[in-house]
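Below you'll find a set of structures to go through.
Both of the next two complexes hold subunit A, though its partner changes from subunit B to subunit C.
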Partner chain A sequence: MLDPQTVKQWKRFRSIKRGYWSAIVLLVLLGISMIAELLVNNRALIVSYEGKWHFPTYAGVIPGSVFGLDYDYETNYRDLQQKFKEESEGNWVLMPLVPYNAFENDLRTDKFPPYPPSLESKHYLGTDSTGRDIVARLLYGFRIAMGFALVLLVCSYAAGILVGCAMGYWGGIFDLLFQRLIEIWNTVPFLYVIMIVASVVVPSFWTLVTVMVIFGWTTMTWNMRTSTYKEKAREYVNAARALGAGNSRVIGIHILPNTISVIVTFIPFSIASGVASLTALDYLGFGLPPPTPSWGELLSQGTDHLESGWIVISVLVAIVSVLLMVTYIGEAIREAFDPKKFTYYE
Partner chain B sequence: MTTYFIRRFLLIIPTFIGVTILVFTLTRLVPGGPIERMLNEAALAGAEGTTSMSSDYAGSGGSTLSDEQLEVLRKYYGFDKPIIVSYGQWLSRVIVLDLGTSTRYTEPVWDIIRSRLPISLFYGVTTLILTYGICIPLGIVKAIKHKTAFDNVSSALVFLGYAIPSYVVAIGLLTTFAAHFEWFPLSGFVSDDFDQRSTLGKVSDVFHHATLPLIAYVAGSFAFTTMLMKNSLMDNLAADYVRTAIAKGLHFRSAIFRHALRNSLIPIATSFGGNITLILTGSFLIEKIFNIDGFGLLGFESLVERDYPVVMGILVISSLLFVIGNILSDICVAIVDPRVKFGADGSNQ
Partner chain C sequence: MSQQKTLFRSLLLFVAFGYVTGCSNPDNPDDSGYVDLPPIQVREGDGLPLELPPDLVWVTNDEDPEFASPDAIRGGMFRTWMLSFPLTLRLVGPDSNGAFAGVMRANQFGPISYHPQTGRPIPVLATHWAFGLDGRSIFYRINPKAKWSDGFPVTADDFVFSVQFHRSEQIVGPWYNNYYTERIRDVRKYDSHIYGIQGADAKPPEEMHANYAIGPRPKHFHKMSDRWVEEYNWKPDPTTGPYHVGKVVKGKYVDLVRTENWWGDDLRYMRNRFNPQTIRYRVIRDQNTAWQHFLKGEIDTFSLTIPEYWHDKAQHEVFRDGYVAKYWFYNQLPQPSTGISLNTADPLLSDINIRLGIAHSINLQRVIDTILRGDYERLETFNLGFGEYDNTSIQPRKFDIKKANEYFEAAGFDKRDSSGIRIRTNEDGSVRRLSFRVTYGRPLHTPRLVVIQEEAKKTGLELQLQLLDSAASFKQMREKKHQLAWMGWASSGIAPTYWEFFHSVNANVTQSNNLTNHANPAMDELIMQYRHSGDRRERVALAHLLEQMVHDAAVVIPRTKVPFTREAAWRWVELPEWRGTRHSNALFNSQAPSQMYSGGGLFWINEEKKKEVLNAKKEGRRLDEIVVIDETYRN
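Entry: the complex of A and B
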């Protein structure tokens, strides 16, 4: 069963409408991005050809010859849909909501990209400067950014909790040593380091995570150190020790659960900063390599093509609303865990 | 207290060595240093030369420098020695304030940095004045008028600044007010005809260019400082000593300004040191977005161009500033809060 404290915190969180609804919207968005292939993709959802149904979304490449086309590379389902419609022989294609994927350059003979938003061509937010659909880039970019922030969070928190607990619990030389190390570490301008690394190896998702964890573990470590230090001085720890509990039991069963509120309240802000720093790196061109869909890359395209306002506006709206929602959630969680009651004098 | 600060100042040395050795090693370990960059440029120039001239030279191809010349170059930049030796050499030059020569501009690093400093200094100082000039009064008013319409409306604005990183604010401002409405120039520090303008024209030109970047800079620290001010003042207003002051008949207003305000400035003083660093180093994201030729953009460009002497020079200055900023905020706290005794047991908490 949940303990009453947690139930109370959950109720308090739910009562903060702004944060609660932001959490729901964000979870729905995450859910949508998980099944993005079904909503925004250049592969058809269902192809009915000569009475047989095909589901190309998660299948391998289906060559055009399967559907009676004269080529062996992957079927162009948008053209196929057009063709079936013209033939009207009972074959049909069901395309996703946005029939483009994030990597596809929709090039035309009469115009140069970027194309403005248009309902007719189903580029609902237009295309970027190489003709890739912006909805697709945004949605897949959102999935990558959130995934990145979550992985970063788990890794750096794991390191931070481990080291921070040890520093606060044992103190002494170990604590002093790590204090100096953290001071040095914090002085290193870590964006510079990432840029140096990124200029050598083309950073993959995991190299970026590794570098960011190497330079991002200090914040959580510092917080955990302080709160472990505080908890350690309290009576219940002495009581547990007096009853014969060992170090690992005192830390794992007694101290950690009492510091959980520190950890939880920091989570949303870490996610926001993870997304923000990945976007900044991508904007500068030191993040994930192209053609990975990314908000930062769209931002830099937008600022390079200010005359095509739809690029920069759609990505700005996306960043601002996601970061706002994450921060709303963070605010609500913080208030749920630590409601500040003030008395005023008028 | 004095011993504490002396110890803090002495601790700068190991921190400084730690940071520089880390980045120095990193710049040595990565391939594609300045020599490779020059070779590339030479090869490019050579290739262009051969296509325009007769095809006699085409066969020779490849590197345009002989191995001996390469060796001389390596020696010149100190790449021929092990990392620790060349780090020692670099450090001994830094101690006598010689930051070396830029591989890109072939000018002394210090001269390059010095030429960029005034611009960053201008932005840093103005940002600092604006931040504290707006945030402290705003925080006070918000604390007094907690939960009124004014508080809620300004909270929304503060919240926006809190949630959105300043580079996104910068891009948003650039798109709206510079590109769309064309109220402000797109980039740069001053106009091209700056020298021909009158003194008043010069001042207005600088601020015309500076408005958008300054808003972006202030947005970065605005929310944090305002909320810090508001929350700490509210904490103090709820404290027993304010209750006592009011109970003995003191006016609410004087209770705030004579008692609560002074105590609630302590956390603000703590954050002061961190902002010192911002003054000089600036933010290279904002400088890049608005194309301001300051300290941050210099660091960014020299990283891209592998101009490691400049990178190291900037690192030296910014890390020194960072450590000094930390100490300064300790001093600020000690001035504002007479109870603080550093160096005593448990003071690190």
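Entry: the complex of A and C
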């Protein structure tokens, strides 16, 4: 059964409508992005050819020759759908909602990209300057940005909590030493480091995560240090000690669960900052290498092509709404975990 | 408090004292550090005759047509922009190779230049010239009217000083030190207005100027010392051309001002040119911002060569309402050698079948037809645009899935993995994917590469894009750490060069321009023959042969060429009827050089028209739209 306090916190969270609904929408979006291949993809969901069914979405490349086409490279399912329709021999293709992937250039010879939004061509938000579908770029970009933010969160929190707890728990020289070390470390201009790294090697997802963790773990230490200090002085810790619990047990079983509210309230804001940092880095050209779908890259295209307003509007709306939702969630969580509501001093 | 004040005062005194003694230093040659440059050292086997040879045939060129318009109006300010403020106003030494250096060098006229229509030499500082019997020396007779912008006459001493200066270690310019020692072998003054110069190799006479006609340096202006680099950092040289540096507001703008009573105003090929009184180069740190300034009329002209600008951005109302004109002007200049260089030091790329397969997998035509809107054209050969030196019989390899498949299969890549990329199982059982890195340095080219990347998948070739900072990418290529290098070399001069790009001396060593690491003894021999030949016909034949060898080796995939310039100009910036010349690299080029030709400075500013246009704009009155497409020099 759930802890009665957790239940109270959950109820409180639900009662804050803005945050609650934001959480639901964001979770749904995350869910959608996890199965993006089924919704936004240039590979068909199902191809029925000569009575046999094919499911290309998660399979390897199926060359055109399999479906009686005259080429060996990957089948163009949109053309195939058209072809089957015209032949009407009982073969059919079921395409996803948006029949484009994030990398493919849908280029026409009569017009030049960027193409405006159009229902007919199924580019619901138009294309970017190389003819790539914006819905696809946004959705896959969202998945990467959220994934990035989450991985970053886990890694930097793990380091931050560990060091912060240790500082608070042992205190003394250890605490003093680490405080100074962190202060020094914080003065290293992290953006320059990223710029230098990006000019020497092509930054991959993991190099970016690594660099950002190396420079981002320190934020959490201060909060953990103070909470641990506070908790350590409580009687239950003394009691545990008196019962003979070791350091790791005291920290892991007793102190950490009691500081969880501090951690939880920071999570949404860290996610927002993770998404924003990746977007900013991509915008400046120091982020993930092209042609990775990315909001920052789309934003930079948008500002370069202000006359094709659909690019900048789509991406701005996406960034602002996601960041707003995350912030609302953060606000609601903070509210829900507010100790003033649930701590009773005797 | 009072103690602090005293300390401050004594510090001030100290600084003032230091400053005064610093200033008085030049009067005292013993401890000033100023030196006289050593006389020209000549190596054995080199050297000009001690006396001027009596049998020289002095020639000039006063018969080619003029190309500037007599309708030109003098005066006004031409407002343009630059991306960053120059780090120095020196012409040589550290940091002196920025974009603005080109503008300042453009005003340092040399003895001759080339006619932008006929391509023949035309007199500038020299009135006449003659060629020595050794096939590698030229004698020039300087125009007695020629003056520096500070009023001092230009004499033969300035040309001798130029070689001394560029050879000196005080300028901290190793490239110049090397060029003026290795390529320029001797310089000699025969009279205050006659001098001779000797180069390293014999060249056909018409090409010799391009290599050896060095410009003068003002001997009266430069005091050489170990502090030269700092002392002259913000002291621009006087010029021999029409403009000199005027007002400089650091970080904001640099004005070039026309020299009063410029000595060259009456020269046949200089009159009616360089019309604006002032040219202001404003710092605008971003191209998009500069574009907005242009649309507001704060900048007079803007380049529209990039398709997006011509087709999309230039649909703005100032174009529609006829306040700004659009020009598309075809020219005939050496094309930059843009291409994909395949590093043959890579084990896979050493196989010609792979190289040929890649060449047929790169769909440049699709890039041209879509992203580049059909404006650019396919570059046929590595070197192009050198007139009869071009080997026009070569056709570039086109995107061809069938051929690419055949070549890749011949190289053993006959299967595809689940992602559709070709694989080869080696003898030791290991599997090799057909995947290569493409290194490049310009974010602007990402869209082009993305299309190529997608198309290449059709032949089973994977390309991974590696976008680096432009300096870092060039460094990686010069260190030969790349697989495929997407880059371009600027071209200029009269004849193509092969030695630096294809000679085996430059293969498999770092810091050389042979990015393909191509090494072929037969080709080396021809390259050396080409390099040392003084016979133009032989050189042309050799160039054709060499270009064919480059094509056959399939080490470079030539990319695109842009045989035109496109520009937008506010209506008050006017051009001659014929707009430009065969060799105009830009129509609104305020400076003389257009690559090696003297073709710039033909436009002028019509102040009355400016008032009219601005009035019309204020009243919202539309004028006729001007869109000019000039195909006079289209091939």
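Basically, the second predicted complex is superposed on the first by the 338 of 346 C-alpha atoms of A that agree within 3 Å, B and C clash if a C-alpha of one lies under 4 Å from a C-alpha of the other, contacts with A are read in each partner's own complex, and residues count from 1 in each chain.
Everything below uses one rule, namely that a contact is a pair of C-beta atoms (placed from the backbone, for glycine too) under 8 Å apart; a residue touches a chain by one contact, two chains touch by 3 or more.
It should be emphasised that the depicted structure is a prediction, and the values quoted were computed from it without experimental measurement.
Participant: For A:T303 in the superposed arrangement: first (subunit B), second (subunit C), both or neither?
Facilitator: both
Participant: Between subunit B and subunit C, pick out the one touching the greater number of residues of subunit A.
Facilitator: After superposition, B is the partner touching more of subunit A.
Participant: Quick check for you: in the superposed arrangement, does A:I319 touch first (subunit B), second (subunit C), both or neither?
Facilitator: Only subunit B is touched by A:I319; subunit C is not.
Participant: Mind working out whether A:E87 is in touch with subunit B, subunit C, both or neither, as first, second, both or neither?
Facilitator: In the superposed model, A:E87 contacts neither subunit B nor subunit C.
Participant: After the superposition on A, what does A:P63 contact: first (subunit B), second (subunit C), both or neither?
Facilitator: second
Participant: With the two structures laid over each other on chain A, which partner does A:F112 touch: subunit B (first), subunit C (second), both, or neither?
Facilitator: Second partner only, subunit C.
Participant: Between subunit B (first) and subunit C (second), which does A:V200 come into contact with in this model arrangement: first, second, both, or neither?
Facilitator: Both partners.
Participant: In the superposed arrangement, does A:D79 touch subunit B (first), subunit C (second), both or neither?
Facilitator: In the superposition, A:D79 touches no partner, neither subunit B nor subunit C.
Participant: Which of the two partners, first being subunit B and second being subunit C, lies in contact with A:G131: first, second, both, or neither?
Facilitator: Second partner only, subunit C.
Participant: On subunit A, what residues does subunit B touch that subunit C touches as well?
Facilitator: 199-200, 303, 307.
Participant: Provide the residue numbers of subunit B that touch subunit A in the complex, in ascending order.
Facilitator: Within the complex, subunit B touches subunit A at residues 11, 14-15, 18-19, 22-23, 26-27, 30-32, 146, 159-160, 162-165, 167-168, 171-172, 174-175, 179-180, 186, 231, 234-235, 237-238, 242-243, 246, 252, 255, 284-285, 288-289, 299-300, 303-304, 306, 311, 315, 318-319, 322-323, 348-349.
Participant: Subunit A touches which residues of subunit C in the complex?
Facilitator: Those residues of subunit C that touch subunit A are 288, 307-308, 311-313, 315, 366, 369-371, 373, 401, 405, 416-420, 443, 446-447, 449-451, 453-454, 457-460, 465-469, 471-472.
Participant: Residue numbers of subunit A touching subunit B in their complex, please.
Facilitator: Residues 179-180, 183-184, 186-189, 191-193, 195-197, 199-200, 226, 229-230, 272, 276, 279-280, 283-284, 299, 302-303, 306-307, 309, 312-313, 316, 319-320, 323-324, 326-328, 331, 340, 342-346 of subunit A touch subunit B in their complex.
Participant: Note which residues of subunit A are touching subunit C in the complex, please.
Facilitator: It is residues 59-61, 63, 71-74, 103-105, 107-109, 112-113, 129-132, 198-200, 202, 285, 289-291, 303-305, 307-308 of subunit A that touch subunit C.
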